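Heads up, there are several structures right after this.
The following pair of complexes shares a single chain, subunit A, combined with subunit B in the former and subunit C in the latter.
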Partner chain A sequence: MSERHETRAEDLRPASSQPLRFRVWTAVLRADPVVRGIQVVKRRERLLTVLQAGLGLAWMALFLLAPLVYILSLSFWQRGAGGTIVYEATVANYQEILLQNVDLLGWQIGNTYLLILWQSLKFGFLTTVATLALGYVPGYFLGRTESRYRSLLLLFVVLPFWVPLIIRYYAWILVLGNDGLITTVLGWVGVASNGYLYNDVAVVTGLVQVLLPFMILPIYNTVNKIDDEYIESAKTMGASPLRAFYEVTLPLSLPGISAGSILVFILAVGSFMAPALLGGPANMMVANLISQTFGQAFDWPLASAMAMVYLVVLFAIITVFNRFVGLEEVFDQ
Partner chain B sequence: MSTRLSDDARWNAIRGATGLLYLFLLLPLFIVVLISFNPTQYAAFPPEGLSLTWYQKFFASERLLDALVSSFVVAAGSALVAGAVGLISAIGFVRRDFQYKSVLSSLLFLPMLISPVVIGVALTAFLTDVGMQKNYLFLILGHSTLVLPYVFVTVRAQLFGFDRSIEEAALTLGANELETFVEVTLPSIMPGLAAGMLLAFVISFGEFTATQFWVQPDTVTAPIEIYTMVRTSLTPEINAMATVLMIITVVIPLLLDVALGKNLILKSA
Partner chain C sequence: MSYVEVENITKRFGDVTAVDDVSFTAEKGEFVSLLGPSGCGKTTTLRMIAGLEMPTEGTIRIDGDDVTDRPPYEREIGMVFQHYALFPHKTVGENIGFPLKMRGVPEAERRERVADVLERVRLPEVMDRSPEDLSGGQQQRVALARALVFEPDVLLMDEPLSALDRVLREQMRVEVERIQREFGITTIYVTHDQAEAFAMSDRVAVLDDGRLSQQGRPLDIYESPDSEFVANFIGQSSQLSGAVGTPDGTPVLETDAGVTFELPQSVAATTGDRLSVFLRAEKLDVSREPTGAANEFPAEIATTNYLGEKTQFFCRLEDGTELIVAKHGFTDVESFEPGDTVYVSVPPENLVVARDPGTDQQSGTAGESTA
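So, the complex of A and B:
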């Protein structure tokens, strides 16, 4: 027993302090062509790993991380006259967005940055709840149906994703706008209106329609994987269809629900186009505010600080979510 | 109450609700196509006639056609770049083991999660600071970053289901590694790669939010023109242009898909 311990301790010592027999054997093994071949293969494997996986990682480091680090440093500088940048470290930008009202192009927005950030989270939450409420039944249907048109039906859920986002939001202007479909149809039954655009409901409606496939598909995936026998045996043992659903199907589809919810929430919070096309000035979201500050007010440092606060909130949400469901699983759905 | 419903009735209710949802998903797009044939300046339900007026106006506009060409150049370039980078890194991530693999792979998904406004702003500030001009190369680099996750995820899914013994068979039969890759590996993961690249093309073609920070007057893309028209004049030319865009990003890929019988579009989901 004690002898084996000694040998182990010897193994851990650097080669030069090991007994001679070890050194001789190591040398013999290294000279052996098979062992050397294995080592060459291993070195080659390592090199290929670095080259292959490293290519995508290097791309992201160069075109995503480096730019983000760059605006992190930008956020601690300040805007000089005419959109120039004064390279003097300051936390003034963070003070401005976290403590004061926002003044853009002389137009005082009643809300501070934080209120707009809060509004984005609120829209994100409403969109998530609405997509879940509207998306569960179709996801369930697609998962359980035995129709031979199932792949065609699935295709119609995926296809809107291929339509440019700008067209999908613009389409709602034709539905909700002044001469839009709803105004016309309501006009036939004698209800006059000026359209239903430029408010909270229009923004969330657009977001819900655009993001629904992200909820339906993961739910479909999990429901589709549920073994029929689980549900049948629940029913055989006397559960009503509704009870069988609550006790078997619903819990087993939870991974799909959580994957869909986190994706919809994150994508909704970062939306630019829904408020830009369907909302009024009061329905701005954080992406719109960053865009205006950067592109119209030319205050790059302030816009960078706004982006940083948004990213901190985003990563906080992702981290919290990661504790319950791995992000990897979301993308495997 | 629900226990009194028969199974059939319950299932019909579910089917009905699903049908309504499809209406909600697809009706607005159908209306864009429908109104594009309406001859009048203002939208009308039902359309006051069928005419190609707005298509003629669209195809007569050099500015809008230029935008379409720009979109095509950028989308094709990004699909190729993201296709190559996505394919190689997916192979690295699926076939090799290394530390922090799952954390590192989420780095490749990041562009899907961060608001495109932030990516647009950050890349603009960074690349202009290192002295780069806003040209097609700028757009292709930016778009490739945005669409890389889609290629990565579809190729990765295809590689998970790949049987490596056919590679070993090829090697045993005397093919070298390059031959094995080109003649055995690549053909069998082609559906995933093609689906990912097609999706990359389509997303790049329609990308607006980050692109608005990256264009110059001579590289304006189709979605940028649509946004400008929506914000300024709301002319019916938008409907014609939108329909043409949908033909490029949906109808043509769909026809290709049916013709090749590969189900690429479903694979991209």
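So, the complex of A and C:
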């Protein structure tokens, strides 16, 4: 105890050359109750960290895991009259969505669910390819530029996140619609057209428009971290700028490409609003079908089975992708 | 005509002049170091030779060719970067094979030449490893192998040893020099470490704040620095300034610190000249009693530092001026206490004399002015 007091007296000595205000504060901060208070808060901090982590885990368990378990069990029950649930285990739901209407002999593979799931994956794939094609160059540019407008440009990439999704899709209606931007402009040059909505192109382009930032940002992030020295050393060894890009920058930006692709793919496949607002009856995606089965048909068990199959298929695709690219590498970054 | 000729190059970044009218040369097979404190423009100079930076003014010639405006990939330059810049997504073999691949050398021959060069840098059997799995010293050798494998005209190295610890750094000094001699490659080496530059180089160019201060053999630079900056930067020395007087007919330097120095014969000085002498720490002698040697004066010990291979005496003159004396292999250090009076002496020929800035208009040959 006495030792501590000694040190404190020493500490205060050089402070005497400081202004009075400073000395007063130093004294206040070193007063016993204050010191003890700080120690308590510091110990609490550790407690707080544990609490926060615990809270996060609890949150995940409550709002992600629990519903998932509920949906899983729902999918093995049956629909009763008027949308009620009959608690009797069955695999009929899975049989229905996987096997019903599949007329293999007559080549009529008319399974609505599988067709729509297939269509969703196809849209997801097309969206991913298109956002990659459109997003790589901006991501690369933002990552490499030394322009002082970079933060401003980045802000423009993130800005759409502040606008509600539904408004962004409506904006796309204003572009593709009957009296939309495209028909108007085409009208000026004498080409009459009737709008470009309610088809698969409208859905995919809408998805691309909305999801592009999710591709640009991870690419920007990895390209930004590539050390200039790698590119410069490639050049001193005889690589032209194009060759240096192909040999060095591109492979080193692969983690960003993978991260962006996975994000965009998952978000696109599960999109609800794009097909609902921009697509026609034939452009339904899996989220719409599940929602209809839940909400209009009131068949919760069947909808749950659809959700589970969708989840498993998506998970399988990501696992295969992971085999080729190595997601650990992506999230290492 | 020299093999590498850097002629009056200047590089400005906006308002900052990083390199200011620098000229130097390197002969074929020569090892030249650019030496100077951090921020003096060494890296920028090297990058201009590599083509990674375009000079604002000046010309760079390699083997008679003006390469000033050529991009790096059209110069035959091997460069070792400070942090090696080995590609993390390629194996050691692919890294070293890279410049060969860029030159269209077929795969089989590439492997052969990579294996050969790895042998020559004494690092066999790492071809298929990832560079990230190698130690700092091994990465260093790989970087060197990669810069040498395509037999470039010039090898450039930017503080390649600075990331290594001391023992390894000293071993690598010897290694780099051996490899350079073996390949016989013209080398320009950047460092802020005087010992490193001296140990490896045929010639050293000292840079000071973007300007070239002096170039020459290590011996010349050390023994006859031609500016105050060089005298202070290279080695440990203390500076005393004063005016030349001729009390007995021969000119002596009467320093402001109150010590009078007999000047070396080679210095022609006129009464009234303002000169400085630089006292190299290890060229001073220190003893307890006066010995009657030339240029002897009393001083008081402030502190002593026993460093093992040498002992440093921090001495104070009567007016408070500090002076460093270094004695090699000195073991009697404990008998010197702070406050003791000692006698410091220096033979006139061991004095480095420079004319004070601002007085270079007068005649005399006492070294060059820095103004």
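Throughout what follows, the second predicted complex is superposed on the first by the 254 of 333 C-alpha atoms of A that agree within 3 Å, B and C clash if a C-alpha of one lies under 4 Å from a C-alpha of the other, contacts with A are read in each partner's own complex, and residues count from 1 in each chain.
As a convention for this text, contacts are C-beta pairs under 8 Å (C-beta built on N, C-alpha and C of every residue); 3 or more make two chains touch, one makes a residue touch a chain.
On a predicted model such as this, the values are computed, not experimentally measured, just so you know.
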Partners on subunit A (subunit B, subunit C) - clash or fit: fit
Partner chain in contact with A:S240 - subunit B first, subunit C second, else both or neither: both
First (subunit B), second (subunit C), both or neither touched by A:F76: neither
Contacts of A:F321 with subunit B and subunit C, given as first, second, both or neither: neither
First (subunit B), second (subunit C), both or neither touched by A:Q52: first
Subunit B versus subunit C as contact partner of A:E232, first or second or both or neither: second
Subunit B versus subunit C as contact partner of A:L64, first or second or both or neither: first
Partner chain(s) touched by A:F123 [first = subunit B, second = subunit C, both, neither]: neither
Residues of subunit A touched, compared between subunit B and subunit C (which is higher): B
Overlay on shared chain A, then closest C-alpha pair between subunit B and subunit C (Å): 10
On subunit A, the residue positions that both subunit B and subunit C contact, one per complex: 240
Parts of subunit B lying in touch with subunit A, wherever the complex brings them together: 2-3, 7, 10, 14-15, 17-18, 21-22, 24-29, 31-32, 35, 42-45, 85-86, 88-93, 95-96, 98, 102, 104-111, 113-119, 121-127, 129, 141-142, 144-145, 148, 152-153, 199, 202, 205-209, 212-213, 222-223, 226-227, 230, 234, 238-239, 242, 245-246, 249-250, 253-254, 263, 265-266, 268-269
Residue ranges of subunit C in contact with subunit A within the complex: 50-52, 71-73, 75, 77-79, 81-83, 85, 87-89, 98-99, 102-103, 146-147, 150, 156
Touching residues (chain side subunit A, partner subunit C) in the complex: 227, 229-230, 232-240, 243, 247-248, 251-252
Subunit B partner contacts - residues on subunit A that touch it in the complex: 45, 48-49, 51-57, 59-60, 63-68, 70-71, 74, 134-135, 137-138, 140-142, 145, 151, 153-168, 170-175, 177, 179-181, 184-185, 209, 212-213, 217, 240-242, 266-267, 269-273, 277, 286-288, 290-291, 294-295, 300, 303-304, 307, 310-311, 314, 318, 326-328, 331
